[in-house]
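What follows is a set of structures for review.
Two complexes, one shared chain (chain A), two partners (chain B, chain C).
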Partner chain A sequence: MPKAMGAVKQAVPAEIGGERDAAIAGRRAAGQAAPTRKSLPIVEGFVLAAALLAPLLLQDYLTVFATRVIILALFALSFDLVWGYAGIMSFGQALFFGSAGYGVALLARDLDITNIFLVLPAGTLIGLAFALLLGGFLLLGRHPSSVIFVSLGTLTGSYAADRLARGWYYLGGQNGIPSIAPMSLGSYEFTEGPAFYYLVLGILVVVYLLCRFLVRSQFGLALAGLRENEQRIAFFGYKAQHLKAIIFTIGGAIAGLAGSLYAFHEGFVWPNMVGVVVSTQVVLYVLFGGSGTLIGAVIGAVIVEGVSFWLSDNYRDIWPIILGLLLLLVILFRPLGLISFVLGERERVGSFRAKPKDNVKEKRNAP
Partner chain B sequence: MLLEAAGIKKVFGKLTALDGAALTVGENEFHGLIGPNGSGKSTLMKCIAGAEVPTQGKVSFVNADITAFTPTERARAGMSLKFQITSVLPSLTLYDNILLALQAQSSLVDLVFSRTRRLLHDQVMTMLTQFRLADRAFEAAAALSHGQQQWLEIAMALAGKPKLLLLDEPTGGMSLEERRVTGELLQPIKQHCSLVIVEHDLDFIRDICDRLTVLDQGKVLASGTVSEIQANTSVQEIYLRRA
Partner chain C sequence: MANAFVAAFEILSFGAIIVLIVLGLGIIASMMGIFNFAQGEFVLLGAYITYLAYAKGLPIWAGMVAAPFLVGGLGFVLEALIIRRFYAAPIVAMLGTYALGLIIRESVRGLIGGFYLTVPEPIGGSIDIGAMHISAWRFTIIVITLLVMAGCYLLLSRTSFGLRMRATLENPSLARASGISTPLMYGATFAFGSALAGLAGALIVPVFSLYADLGLRFLIQGFVAVMVGGVGSFIGPVAGAGVIGTLSAALPWIMAPVVADVLVFVLAIVFIKFRPQGLIAGKGV
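Entry: the complex of A and B
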């Protein structure tokens, strides 16, 4: 913490004198915060603009790649909510991602259900249900469960699902389920390309905004308390375990949504999708981009996938080593992720400010 | 009686921290818990607050047996605790620290839609003003001095309007002036809240408490009004022994 706190941009440095001091004193008296630099909306706007323009500028095969990355960014959001905001170390997030992928693949294969309005809610529900089951078991004890218990529990869940998928003939064993029919809307079929890209981007934006609403609410403040000192907030009377189970379940639902999109985009599902490799991958996205900021998770997914893509093209044999070193360097020197280059600590953590206006809903100024 | 802890025994491995300790606190009573280092004061506080589960014994609060209650359940029953080590949330603003404490019993829907936000704003500012922190409301709690962090934490512990507040060494690390102010800040809460206070500063205890319980080696050595305890020879002895 000390390192992080060193970066705190204090709202009112003591040495400021003269006019500004008086202005600040005035604001203080009015119960308002001194203005802090607002970089977050700029970063968000920039990322959105880049995402909107990408298919116009990229070659077709790169648009397909970019679609995959956006889906993974959605997946990263789910982990960020759980770890970055609530401090629950879920090392098995792929369980929800992959089980939803398998679920919709089975719907398409065995029941010929590919309608977007059926398969996406179904995938979301599958992720939600698995997260509720696992989260209920791991988090809802009478006394708080330890970080080790939760991380090992989620990891085991993901590992077991991987083994199960590999060994179960109905699920296609090692090969998974190939040639899933495309997702459809009436007679229209979503195949790889710009339409699928914008669909996925639209979903990401909506989910992002919902998450933003959530983490800026009073519920988000409770999550911050949970992350920083779970024991303390239990003594205030918070049902800390319930809060954790709720956010874990929401995270599972988002992962499920991402997993079902992924299954239809790739056209097949395979055991890795529920396993430890993908579970770890999402942890890296979020650590790399900056946990505890929604945009950090998105940026992390884009950069890790983009860099891997470029490296594997140019350094065919040793690219994983280069990527690994890069990740280590970021985690070592930028523990708060790449986003911390542009986002101060105060803005990252966020706060309620000023007096809530009578008819305007006050929101917590958190990323 | 508001709080009755009886026959509390707590064993950690081979160490018996408490051996049949007891504590009784009435309504609107400020009760001091004193004793030499290692006498079991903090452990008794933790057993009352629910941070530790006693090996034996019974804790009742407002006529209900709460021995097996979790900290959350105790808080909801009207008990509040300020830890010995300050545990304000350093990266949040003072305002958010207090709001976090105040909104603890808001419903989930209210939290998600920030519905109690406007309602609680005035209470947050009142608490901050009462504890002389209002002008720093929107700074990170980490920027406060140690003494101010202690006040912030007392304010947070009081935010939920508890019937009983447990304070573990509130003046630890404070200057003389800060101690005096702490005493002043605590006086007004007597109208609606009882207090159990663990403290090494005997002058401070004497000034604000109605009754005292003295612990020694996990047992109650004496319990009574401040003047009774001051006149008690065995109490004088352990403090002389320590000196």
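Entry: the complex of A and C
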């Protein structure tokens, strides 16, 4: 870990400067504070530009693939909010993604409701409701739950939902629900293609900006504190469990939104969508990209899916092995993900509008 | 009467299989504080080694004997190279072992393809008691499980190795000060846990046949069993495995299998929520 951090310092010395817990940034980092160049907005702008131009440069079938990736990036965002900012290991994020997918699929199949202004809020609400139920149960209570319990609890929830979906005839059993009618707006139908792509991209940008605002607010600051030292935050008088439940529910809502988009884009839902496979997939995206940065989650989803798509023609069989190896290397040597190559610690955590110098002084004077 | 007996035997033999799989998981979780996501893949490797022995024309029991040693050796190496770095952070340990498991699982999938490969039972036939027939191999699994359980218990409670292991668990710094090599003990514990998984895989492969997701099927059941039983002791996870195994085998007899499947997990999570220390709290054997 210290070795890895040393590498970061050499690469972007100007970015490192925040006085942070020694375990994260290293004590020597303090005092070098004078970041003038910000790389986060540059990265974000670059990603946005690439995303805007993509359909113009890509062939049609690749635009369809890119749409799927954008939806998965939205899903990854929800996990990053929960794990990267609040430190809640939600190993069952697909539960909210998939149940919203199933929910909107049932709406379309049984009630013929495909209006975009009805199905997307419905999917979001389903994700929110499931997350509120599961998160409320796992996180709230007289005794704070252990990290292990929450992660295994969410994993078990996702696995149980998978089994239920597989065995329940009403939900289509093993085959899921095929041929869902396309999402509609009046008489216009959203089918795969550039229109769907820009719709999804627009939603991603809006949600991203909302998340960015959220994590840079006082609430987000408290969350980051939770992740670093839960006990200290509790001693400050924050209701740590409530904060966790709130962010978990917000994450569930975003996952639900992504799930409903995914269901309509693919045109079918199947049990894997609520299960362990997709749950771990989203963990991979965020770990690769870099947790706790939002943009890292998006980049991770794009890279993992992109490389997997690119390799799947020739190396379909060994790709999961390579993925496992890469994941292991990232965990061992770059726990902050690929984004940490360009993003410093201060930007990752956020300086919350205070000038870096004042910030350091303030902290020193604090009791 | 005969039906009830057959049902009881089915429940008992499934419970024994779960106990066998959870033993290794429980020892690693209790003694080292790591939830090993690669445990299912160690089970898979044990099964695969047995299949290899069978496919090469060797006697099946030879593969079954070799499996725990080979998987245990692999566990020892992996602990020294990789797992050792994860002790400080349990969540990172989960992710790291998950990545390891992914590598092993996909490698095996590459080797066997998407097939279900069968391995015959080394002890075939059935045991007849009056008009009832029970599978001889499943009966053997129950016997071996009991023996392994007793062996583990004696190893941990009666030998100096077990004493050092428990000392390392309870107070690592004092153990080091007393001249116990804690890194070696961690390595040995992890190897022991993986060897048990290898043995479990070798024994169950004739019952479930070999496929790449074999280990995954039991992993979550195993985790839930460890949590229900209580982390920190040897007896806890075994008790939890007994409860979970019995419930998952017994409930489908009285309700729709789908509902039973999910109900076991829901009950288990609710139980852990309100009794986080598990069935059997406390450290010790």
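Just a few scattered comments:
Heads up, the rule we're going with is that the second predicted complex is superposed on the first by the 315 of 367 C-alpha atoms of A that agree within 3 Å, B and C clash if a C-alpha of one lies under 4 Å from a C-alpha of the other, contacts with A are read in each partner's own complex, and residues count from 1 in each chain.
Following the convention adopted for this analysis, a residue touches a chain if its C-beta (ideal position, glycine included) is under 8 Å from a C-beta of that chain, and two chains touch if they have at least 3 such contacts.
This one's a predicted model, so the numbers in the text were calculated from it and none came from an experiment.
By the document's definition of touching, of the two partners only chain C reaches A:332; chain B does not. Looking at the shared chain after the overlay, A:115 reaches neither chain B nor chain C. Contacts of A:272 after superposition on the shared chain: neither chain B nor chain C is touched. In the superposed model, A:324 makes contact with chain C only, not with chain B.
Look at A:143: by the touch rule set out above, it reaches both chain B and chain C.
In the superposed model, A:237 makes contact with chain B only, not with chain C. In the superposed pair of complexes, A:283 makes contact with chain C only, with no contact to chain B. By the document's definition of touching, neither partner reaches A:39: not chain B, not chain C.
When the shared chain is aligned, chain B comes close enough to touch A:228, but chain C does not. Looking at chain A, you'll find residues 143 touch chain B in one structure and chain C in the other. Taken together, the chain C residues at the contact with chain A in this complex read 35, 82, 85, 90-92, 94-96, 98-103, 106-107, 109-110, 216, 220, 223-224, 227, 256-258, 261-262, 265-266, 268-269, 272-273, 276. Interface of chain A with chain C (complex): residues 89, 91, 137-138, 141, 143, 145-149, 151-153, 155-157, 159-160, 163-164, 166-168, 276, 280, 283, 287, 317-318, 320-321, 323-325, 327-328, 331-332, 335. The part of chain B that touches chain A in the complex is made up of residues 49, 51, 70-72, 75-76, 80-81, 83, 87, 89-93, 95-96, 99-101, 103-106, 108, 110-118, 121, 125, 135, 137-140, 142-143, 156, 159-160. The touching residues of chain A, when paired with chain B in their complex, are 1, 4-5, 8, 10-12, 28-29, 31-34, 142-143, 214, 217-219, 221-222, 224-225, 228-229, 231-240, 246, 345-346, 349, 351-353, 355-356, 358, 361-364.
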